[in-house]
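Next up, some structures in structure tokens.
Look for chain A in each of the two complexes below; its partner is chain B in the first and chain C in the second.
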Partner chain A sequence: MIRGALDNEDPDRLYTVTGGRSRADESVFDMVTLIVSECEPVPGMQSEHARILRMCRGPLSVVEISSYLDLPVSVVKILLCDLLDTGRITARHPHAARTGGRLPEPETLKKVLVALQNL
Partner chain B sequence: MSAHISSHPYKGPSLTRQALAVPLLAVVVAGGAGLWVTAEVPAADRTAVAVFCGVAAVLLAVALAVAAFRSRSISRLQERVTTLEREAAAKELEAARLADETIPAAVRRLRDGGSADTVLTQVTRPVSAAHQRLLRVLVQEIGTGERMRASAMAACANAAGRVQALATTMLADLREMENRHDENVLGDLLKLDHTTAQAGRIADSIAVLTGARSGRRWTKPIVMESVLRGAVGRISAFQRVRVHAASNAAVAGYAAEGVMHALAELMDNAASFSPPTEEVHVYVEETHTGVVVTVEDGGLVMGPAALARAQKAVSSETLDLTTLSGTRLGLAVVGCLARKHDLTVSFRPSARGGTGVVVLIPQQLITHVNQDAVLEPPARARAVEASRQTAATASAPVAERGGSAPAEAPAPEAAPAPETSSPAPAPGAPSAAQPPRPVNGLPKRRRGETLAAATRSAPAPAPDSGKAKTSRPCPEEAGARFGAFRQATRKGSAAGAARNAESPASAEDTEPAESAEPAENDQP
Partner chain C sequence: MHSRTSDSAVDAPLRESASDGLKIVIVGGFGVGKTTMVQSVSEIRPLSTEETMTQAGIGIDDASFVQHKTTTTVAFDFGRISLDEQMVLYLFGAPGQERFWFLWDRLFSGTLGAVVLVDTNRLADSWYALDRLEHHGTPFIVARNNFTEPQHTLEEVREALDLPPEVPVIDCDARTRDSSKNVLVTLARYLYSLSATSAVGSTV
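Right after this comes the complex of A and B.
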């Protein structure tokens, strides 16, 4: 178990990725905030920033980015904060998109649950 | 000496005889002369002259006897002096041989690990007993010293290896915890992570100085950015280090740890010998001889003597433990690592006002990783993206998608997903860069991994290619799958007993691979 983890590990520690920070300055991001890159990566950029910019050509949620980068969500938030501050990405909250949308009726949800259990 | 003293009494009688012969002769001659003179002089004076002559003859005889005896003893003493001188010269020669040949040879044999008794039988024994005793005492003392040194080194190496193993495990655990916990705990975990990394570096330093192997081995080439981060992460003042690197060079896995450690020591030196307000700048530059990493600080200027001393510490042929001071191990460690990996380290005054250290990582340790391929999002991301794209193009409104969308659209069809998911190294890069890829369509098992894990981790081409997006699987495929499933269950039930008997063996087979890491670390 440990061995597999050691084999796949990278030598860079998380505090070097974040430059010693452990907390994002702003709380504009949550798990499902959608990120879209606004520019192409430039050479000399931190590799994580470049990868975020590449993978966010289409909207991608914070938690997905975290999974693809194999970094904790809080670290990804710090990285995204850097990019947002320099205007390289834009962030959108998904609930802003479905304004006025209501949650399904509890009855419907219950039916779905029963049907799922019957499977 | 004793032989001489004992030989003296033998010579005594003959010498006395010879010494007596001369005065007897003198007395006879003087007596004759006296008689003649007495006979010549007038009778009145004859008595006085006879008495005078007799006295003179006796005195002469005594004087001659004394002179003869003295001369004999002088010549005898001269003989003794020459023999003694000859012997002293021989002893000198023997002592010189003892000092120049025998003792160095004995010490060399002791250093090579021979025991004191073995060495005493092997070297040429000196003739004199005192020298033999001297040699024996010397060899025994040096042998004890060597044994103590060797066991102290082994104990240090062993302890360092254990601390290294603990630090490595702890870093992996911390990383896993960092993934699990949110940002309230993350700060504390990062602090622990940093401290553990520094402790690991100290253990690595001791391991390097005691000649043990370095902390861990990477199984893939490590890109320069990660090498520098790995180095920066091991020093206390890592926030003062500014890295300027746009290189896509990667250091071969077996040397990456050593390079990281050497750079960490140099950065730590730079950070601790410059004021806390100054930054340490690290530049990476690729040349035809390799990759040059420059660590520059704005701290104290090292004088020519200090520069020469530092240069000597990192470039000397062998590690001299006597030059180690208790507190500054860094440069000695860098020297060891430089010798091991053929790094060239040179010091020079920096244009920033402090000291600059230039490290040349030779070309044979460098591979090039195609950064673009590494930076591509994983295959799943592309698949998701592609499906999103088709959805988006189907439902007309493409608001946020700019000019990149048309160029992106044909990509998943043109290049199969498994190809892009693995980093495509430059030609000539070692195959360690690649994740296990099916050879001739067969999954490749890595050491210590079960076959099931290998087949699971190997990219399955069928679901990722365009066919996967058709919602309905073709019937032949489904039939084949059922066939395989049926075959597997039948085989499984038939070989159930056999597998039960086999499973302990296979468990034993995988166990050594897992426990290999600590066991290796135990060895000096």
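Right after this comes the complex of A and C.
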């Protein structure tokens, strides 16, 4: 592991961060949804919200935000729901995913293949 | 917990135009080289995070009739490759152990495909992962990471794992970028061929 595990995480901290909510409409965000800030943090804002807004001045994935914040993915999704609901971020959802057991179009996968070959 | 000095200092920012995140998962037992492979090809220093899930226990405590709640926590590493102006490929190194699969749907739905990284001396470690990937209908290839001179042919590996003939089985050295890149290219080529075949099939 690159960093210390969250195994010793204080549950109270997670409770506080999310205001006691344990579930968000998580389906809104994939782990690789890219988040972009639409505004700067303002005084009085919850610190995690402010940190996300600073991090996402350029696009950044949900899973990277989770790693940088040292918070589980599901907790980050709850925080992102707050910011999305208030228009402070926008979300770029993945298109090239396998949905309903079907792979993306061959043209998309061809692009992936060529890009990897050209690395 | 460590703290970062500045949140705005994201290690390597994505292109402004980045808009489409893709997922590939590298599954394998402990010490088989998942993190090494992610590290070899990632454009960022590999990161790690975790996911937790609370679920009601399956069993009921006979003595108290109190139903348990258990929290499943899974940690995983990941890296990233920008493919073009829009597409960003995320590579996840995931432990193949049982509890991990509880979180598969939540974390890895939409994954294009998987690399099952195996160590020939511990092939049995990968049976469960192969079974689960088949269950989830996730296309996969098998890559044997050679730390030492292999004792078996790839055909023997294919037989031992009871793999269908169309599933690619290759050798790799997860420590080198070229070899790890070749593994991803092999998976991408396989996915492309599957997609092209089904596209043809669906028009008939």
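One rule holds for everything that comes next: the second predicted complex is superposed on the first by the 82 of 119 C-alpha atoms of A that agree within 3 Å, B and C clash if a C-alpha of one lies under 4 Å from a C-alpha of the other, contacts with A are read in each partner's own complex, and residues count from 1 in each chain.
The definition used in the following text is that contacts are C-beta pairs under 8 Å (C-beta built on N, C-alpha and C of every residue); 3 or more make two chains touch, one makes a residue touch a chain.
Just so it is clear, the structure is predicted and the values come from calculations on it, not from any experiment.
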{"item": "Touched partner set for A:113, first chain B, second chain C, both or neither", "value": "second"}
{"item": "Touched partner set for A:60, first chain B, second chain C, both or neither", "value": "both"}
{"item": "Partner touching more residues of chain A, whether chain B or chain C", "value": "C"}
{"item": "Which superposed partner A:68 touches (first chain B, second chain C, both, neither)", "value": "both"}
{"item": "Partner chain in contact with A:43 - chain B first, chain C second, else both or neither", "value": "first"}
{"item": "Which superposed partner A:17 touches (first chain B, second chain C, both, neither)", "value": "first"}
{"item": "Chain A positions touched by chain B in one structure and by chain C in the second", "value": "2-7, 9, 22, 51, 54-55, 57-60, 64, 68, 72-74"}
{"item": "For the chain A and chain B complex, residues of the former touching the latter", "value": "2-7, 9-20, 22-24, 36, 41, 43-44, 46-47, 50-51, 54-55, 57-60, 64, 68, 72-75, 77"}
{"item": "Sites on chain A touched by chain C in the complex", "value": "1-7, 9, 22, 26, 30-34, 51, 54-55, 57-61, 63-64, 66-68, 70, 72-74, 92, 94-99, 101-106, 109-113, 115-117, 119"}
{"item": "Chain C residues within the chain A interface of the complex", "value": "1-2, 4, 7-8, 10, 13-16, 18-23, 41, 45-54, 73, 75, 77-78, 80-81, 83-84, 87-90, 106-113, 137-139, 181, 184-185, 188-189, 191-192, 194-196, 198-199"}
{"item": "Chain B residues touching chain A - in the complex, by the definition given at the top", "value": "168-169, 171-172, 175-176, 178-179, 182-183, 186-187, 190, 193-194, 197, 216, 218-219, 222-223, 225-227, 229-230, 232-233, 238-239, 244-246, 256-257, 260, 371, 374-378, 381, 385, 388-389, 400-401, 404, 408, 446, 448-449, 453, 513-514, 517"}
